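By letter and in written order, the chains are A, B, C, D, E and F; residue numbering begins at 1 in each of them.
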Amino acid sequence: MKVTVHRKAHFNAAHRLYRKDWSMEKNDKIFGKCNNPQYHGHNYELITSVTGEIDPDTGYVIDMKVLKDIIKEEVEEKFDHKNLNEQVEEFYNLNPTAENISVVIWNKLRKRLNANLELEVTLYETPRNFVTYNGQ
Amino acid sequence: MKVTVHRKAHFNAAHRLYRKDWSMEKNDKIFGKCNNPQYHGHNYELITSVTGEIDPDTGYVIDMKVLKDIIKEEVEEKFDHKNLNEQVEEFYNLNPTAENISVVIWNKLRKRLNANLELEVTLYETPRNFVTYNGQ
Amino acid sequence: MKVTVHRKAHFNAAHRLYRKDWSMEKNDKIFGKCNNPQYHGHNYELITSVTGEIDPDTGYVIDMKVLKDIIKEEVEEKFDHKNLNEQVEEFYNLNPTAENISVVIWNKLRKRLNANLELEVTLYETPRNFVTYNGQ
Amino acid sequence: MKVTVHRKAHFNAAHRLYRKDWSMEKNDKIFGKCNNPQYHGHNYELITSVTGEIDPDTGYVIDMKVLKDIIKEEVEEKFDHKNLNEQVEEFYNLNPTAENISVVIWNKLRKRLNANLELEVTLYETPRNFVTYNGQ
Amino acid sequence: MKVTVHRKAHFNAAHRLYRKDWSMEKNDKIFGKCNNPQYHGHNYELITSVTGEIDPDTGYVIDMKVLKDIIKEEVEEKFDHKNLNEQVEEFYNLNPTAENISVVIWNKLRKRLNANLELEVTLYETPRNFVTYNGQ
Amino acid sequence: MKVTVHRKAHFNAAHRLYRKDWSMEKNDKIFGKCNNPQYHGHNYELITSVTGEIDPDTGYVIDMKVLKDIIKEEVEEKFDHKNLNEQVEEFYNLNPTAENISVVIWNKLRKRLNANLELEVTLYETPRNFVTYNGQ
């Protein structure tokens, strides 16, 4: 019996969407007001979804306290109250779109989970815009 | 790396559930108070989900501003503040259940998206009743 | 010790904003697309707030089951799945704006509550537009 | 055209996470404060998702009133305002984790639905912790 | 310039509504299924609202970190994952209705705040039932 | 009959909490990680509440389209996708705490509304932290 367990977490951060190798004009054309050189920011809501067999001893797929701590170490402590472009290494040369952030988070969490567990992340940039990535 | 991007939109509309070729009694039996001949209405919440490869240049699967405009043209401008049965062509001869509305919206949006993008729509008729359609 | 107890309820309905004694042009100018002669509709969310002393015997300001039944009889059974303009007597000659609906609901509930209880109603027409009325 | 229809329901209940065949120390170590011998409780939110072909006569996958009644009989009447460990037979010898509750609910609903309909349940234990099960 | 700052917190707990000095029949009549002798439970959501002048040095009415810690010490650590009737002293002889819980919480928080700050608490027992108390 | 009408709006922005006339150490001590010199950010949700008599002609306290446009001009166009400290004049020398932002917004909206209308603003910095200001 494979069950998916979901855990919500939160971080807020500043970011700017742009490419260093493009002109200001091109960045403005593609990224609009998201290319503000002084940054803007979001309250990001993250749903981490882990799929696996229920452990018959505990009734858990994964101990939520363990999952919560992994999310805290890998995401919240690294991203919360940070400027993603300037202070989070993975985005020094990667545009911090919601899509790219979800892939970076997936890769960070994937390394911390047993291989027999499947992983999907859903990241809300705003209540109206969100993305999902499952490693495929 | 395939990511799904989701965009929420909103419209409100009047509708009535019934079949013109059924008697009032039969419509009442099947559709209950949804068969009110004077109509009732809903705030419909629509989540449009588009899956595709991340464009390495932009970090986008699809530009959200483009997707937002497509949803506006195909759904909001056609459905918002309308009587679905009387004023939206697709429902002149199709019962506007949430299921049928989701299929109609999917078909309208599908035509506007590149063939390499997958599409799913989720439509909330009320906060407690909603449907999902992905073209299969 | 005065406490306010709040109860959420729900109804959905069709309506049209217009005045019978105005021309179509004037109604269009003032009420825009809300003046659709074929109606549109909403999921209305109602919060009924009742303030009073805690009964030392029960620990209740008012029995929620009693309050729930009053709301059901006075609001849900009268408004749910109805066309407000055509099928709810109070709006035969009163424009069913959120403001006016909240006053009508307040008056209907006020009659059913003990005089020592204060009443306020909050009515969501959409998640973005809502109104509050407390009888003053 | 296969569409998924979703219906939200609610119940609240007390529970305790522990195994009768483990010591208090071991239960404390594994289940922490969820092993409170005097119980704690939750507002559980349940989303029942049923996938099938749209009936061309009605425009429904399944009549929501029918689905609502099945959920009421199988889940709400059995679980609501109950102590899951002590008063719900399925958990006399099964630890009522969210994972196990979702499997129990799925099995109860599965028996009531036509074989050509697919079923998935999502159960929120808190707004931050939830699980999904689809029988696989 | 008086501003109100609001902070949300969460706890879940088991409880039973009844009076020890009433018969089972009378408790059943008044409290219905809330009188389950084996308890039921809720996810309680608490909004703590503090009103005062903005400190011109900091721009704060009260440091949210300080307020968050007070709520944690006075409410979360005392109520979370507890049986209110059996394990929270204030309810040994007080029926734990939402009304009474809100008054108990208000009194506990009031003692920890400067006298020049006003306090109101809103407590959600379920998403549909909630109460507000401000000490008057 | 005085009714309050509420309208939700949204903007996202970067900010930093600090005082230019304080040392980095003092700012760190008071504002913690909110004093990140590279900024962080939020999705701000704004509820604008306007109280007044219902116009007997229209059934409106204020035309929501008019209110929506005032909020757009005064708040969204000035604050959305901006760095509050660096790009919004009012915060060049005022710490952009939620409290101060709410007062600034209130003052901007107050000037645009008729004197017979009362105004209150509620500003969510995160779903857990929010403030209310009504000019008193």
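Everything below uses one rule, namely that a residue touches a chain if its C-beta (ideal position, glycine included) is under 8 Å from a C-beta of that chain, and two chains touch if they have at least 3 such contacts.
What you are looking at is a predicted structure, and each value in this text was computed from that prediction instead of being measured.
**Q** Rotation angle for the CA superposition of subunit C on subunit E, to the nearest 5°?
**A** 120
**Q** Compute the centre of every chain as the mean of its C-alpha atoms, then state which one is farthest from the centre of subunit D.
**A** Result for max centroid distance from subunit D is chain F.
**Q** Of the pairs given as D-E, B-C or C-E, which one copies A-B, with over half of its contacts the same by residue number?
**A** Answer for the repeat of A-B: C-E.
**Q** Quick one: point me to the chain whose Cα centre is farthest from that of subunit A.
**A** Farthest chain from subunit A, going by C-alpha centroids: C.
**Q** Just the number, please: Cα centre separation of subunit E and subunit F in whole Å.
**A** 29
**Q** Just give me the whole-number Å value for how far the CA centre of subunit D lies from that of subunit F.
**A** Each chain's C-alpha centroid was found; their separation is 41 Å.
**Q** Distance between subunit C and subunit D based on Cα centroids, please, to the nearest Å.
**A** That gives a centre separation of 34 Å.
**Q** Could you tell me which residues belong to subunit E and also touch two or more other chains?
**A** Residues 127 of subunit E touch two or more partner chains.
**Q** Could you please write down every pair of chains that are in touch?
**A** A-B, A-D, A-F, B-C, B-D, C-E, C-F, D-E, E-F
**Q** Residue numbers of subunit A touching subunit F in their complex, please.
**A** 10, 12-15, 33-34, 36, 38-43, 80-83, 86-87, 126-127
**Q** Using the touch definition up top, name the residues of subunit E that touch subunit F in the complex.
**A** 1-9, 49, 54, 57-61, 63-65
**Q** In the complex of these two chains, what residues of subunit A are touching subunit B?
**A** Touch list, subunit A to subunit B: 17, 19, 30-32, 94-100, 102-103, 127-133, 136.
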